[in-house]
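My questions all concern the structure below.
Chain IDs A, B, C, D, E and F follow the sequence of writing; residue 1 opens each chain.
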Amino acid sequence: MPLTSHHRLVLPADSNHHGTLYAGSLLRLALEAGYATAWRHCGPQANLVLRRVLNLECLRPVPTGTVIEIQGAVLHRARAYLVAGLLGTPLAAGERPWLEALLGFAQVDESGRPDDLPSDCDVDEIADREEWRRLTQRLAKLLKLR
Amino acid sequence: MPLTSHHRLVLPADSNHHGTLYAGSLLRLALEAGYATAWRHCGPQANLVLRRVLNLECLRPVPTGTVIEIQGAVLHRARAYLVAGLLGTPLAAGERPWLEALLGFAQVDESGRPDDLPSDCDVDEIADREEWRRLTQRLAKLLKLR
Amino acid sequence: MPLTSHHRLVLPADSNHHGTLYAGSLLRLALEAGYATAWRHCGPQANLVLRRVLNLECLRPVPTGTVIEIQGAVLHRARAYLVAGLLGTPLAAGERPWLEALLGFAQVDESGRPDDLPSDCDVDEIADREEWRRLTQRLAKLLKLR
Amino acid sequence: MPLTSHHRLVLPADSNHHGTLYAGSLLRLALEAGYATAWRHCGPQANLVLRRVLNLECLRPVPTGTVIEIQGAVLHRARAYLVAGLLGTPLAAGERPWLEALLGFAQVDESGRPDDLPSDCDVDEIADREEWRRLTQRLAKLLKLR
Amino acid sequence: MPLTSHHRLVLPADSNHHGTLYAGSLLRLALEAGYATAWRHCGPQANLVLRRVLNLECLRPVPTGTVIEIQGAVLHRARAYLVAGLLGTPLAAGERPWLEALLGFAQVDESGRPDDLPSDCDVDEIADREEWRRLTQRLAKLLKLR
Amino acid sequence: MPLTSHHRLVLPADSNHHGTLYAGSLLRLALEAGYATAWRHCGPQANLVLRRVLNLECLRPVPTGTVIEIQGAVLHRARAYLVAGLLGTPLAAGERPWLEALLGFAQVDESGRPDDLPSDCDVDEIADREEWRRLTQRLAKLLKLR
């Protein structure tokens, strides 16, 4: 499956008093992008809840008025759990991403208990790009840690 | 300095369709609690921005209508950077926290560059409780990782 | 350019007292999807403002808890103006879209006056699907009307 | 019945990065004004849902800090359907309205099926003003089109 | 000047976990209605700020899904200060208002200092209704108190 | 019980077009602080609803970007009713509070009827500070009035 991609205009309602994206809004946008990435991977049987943020890096301030893009891919799958990786597409040519994140979602049944993920497809194939490789390597280290 | 403490009624506006706290709202509340913890530690010269979420665990669903409490303490300090730890006070006696989080904030100057933290006080003394000890140990591992 | 695609979980905060997507929220979501569609068509030089809603049809109620998908394509271009078409992907197999919309955006300069659209690419090629054809035909009638 | 009238202070939370009313907020405000117009027309037995936006024109940017007024009137009635017209009162003497809109609402029963409108009163008598006449003529053309 | 009148559908986003209008939302709606009342009284030269809530009574819970009406009138004027009275129109025939409020607004100049109110009209003539008389009497007592 | 204390960063989303805390947001923040104060006083058996605002004074504008602190204490208790007092900690040394408020909450049972307050503790002991004394004296006058 290709990368998912989320566009959004950063409004004053999303901003702090420095005129950049407020961290509280950024976390919510990252969750929405991660949730949609995981949901597209699983299909309509998805019943996903956020289990953890394994890591989230705010690498550059995002000025109000920017149309941001967040790209997402499923980087890891277990029986009832998956990890969505996110990258905030650089705001200018030659820059690094302004956001990197690894969000873990669990599939649950009606009563909230862990349940098998519906589809049996593989993790997303990500373009062989440096920034996705780094995110995957960080994930490998973090999965070993716990 | 003692623990800081944040109370909030969970409203339908904060909830998902299962009648529990929506992860996007939870992340924003955690950021607000972490920011207030860091700000109280630093005093009015604080000019803090979120650098990273080192870890955030959603351990139990929180029903709409609950008054949640999030406790916070500064667990780590470097020259221009600190980490605030957060615990969601158990919703019922004998339960574990519903939230654990480690948020890293940087002190920045007017132009957004790293700056010395204003105060020179120590990290917060946390009550010698099991759940804070576990959070501190996780932080130690994560700081070594990067 | 392919269709753009927007996913979003419908939360209680987006809903009316019937437990379905509130029309005020629906209009905002449609605007965000239309804006992102137009922006992706134009690229980073886009400075777009909504000029008009040519037509927007609410065809089925959307239950809270649904992950909706809105697909978008640019269906018409003039020198300083374009129309984005939107379709809400059917909520169940065999159904019709729950949303159809035609939103007109103008490109403006710094002082808010009409300006040439930055790119010179064609309108989006849309899959030869019945529901897009109908939307395009409605647009043709509406453009003749004014 | 006289025109209904809705006042609202435009706040930064409603604005875009140009310091004017954001289109996503404008659409929600228009829906609220249209809904209240239709509701006042029908009385407490109203159970209305938005069926369509027949037309909505954004004619001038509205600066943050403005107290806007939106006037509404029911311009068309069928058995289970009505159309509310809206005009944004000019922001300065001698200007045209900043908003024109035609919103179609359906009366529905408990299960969401079309139902007879409760009252049997006529469409609102609108002051014989040029801008209302134009809106009514546009409506006549659009009703013929579908 | 006649009473001003504000209609609004109470949504789940405005509600508490009992399915009624949340007090935090109620206070914001009361402020918006009071501000609009004061603004209409003063005209476009108004530059008003809330100085105080003299009294606000929540007399009945308001179920989600209700279209509420708040009526307003200016009940008191000083050189640079006025008091807007608000009544929540009874939710059912024979009931008392669900809301009573007295909000004091000051007119200020560019630098935030008190300034003369722009118009020199009288306080609003209120229909000689029992509930408005009681509100006016309470205001008289409260103005004496301070 | 000591004073409760609430910190919050004032964001553009909370502000008016003068770049200061909007009164509608201020009222909601005051309600949240008052509710948390009353809840902490009563413990988890609390089932509180706002009955009235006895008084609320907006004494100074609060610039966007400020981290505000609101302190709270329960100043009065009856069988099924209590009054929470609030003070907005001065924004600069030597200033007076920017907010003073007295909010009355009722304890209710499942069906919304008044119920005995759960705890039997006394009103909060407030530090013997001038501004709390003044607020308590105002409360005494207002309680006599009704």
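In this section, a contact is a pair of C-beta atoms (placed from the backbone, for glycine too) under 8 Å apart; a residue touches a chain by one contact, two chains touch by 3 or more.
Everything numeric in this text was worked out from a predicted model, so none of it was measured.
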Neighbours of chain D that also touch chain C are A, E
Two candidates, B-F and A-B; the one with more touching C-beta pairs is A-B
Taking the mean of the C-alpha atoms as each chain's centre, how many Å separate chain C from chain E? 39
Take the average of all CA coordinates in chain D, do the same for chain E, and state the distance between these two points in whole angstrom. 25
Out of chain D, which residues touch more than one other chain, so two or more? 9, 12-13, 18, 32, 35
Touching pairs among all chains present in the structure: A-B, A-C, A-D, A-F, B-C, B-E, B-F, C-D, C-E, D-E, D-F, E-F
List the residues on chain E that touch chain B in their complex, please. 12-18, 22
Sort out for me which residues of chain F touch chain A in the complex. 9-13, 64-65
Per the touch rule above, chain B residues touching chain A in the complex are 18, 23-28, 30-32, 35, 49-58, 61, 112, 141-142, 145
Contact footprint of chain F on chain B as seen in their complex: 4, 6-9, 32, 35-36, 39-40, 44, 46, 67
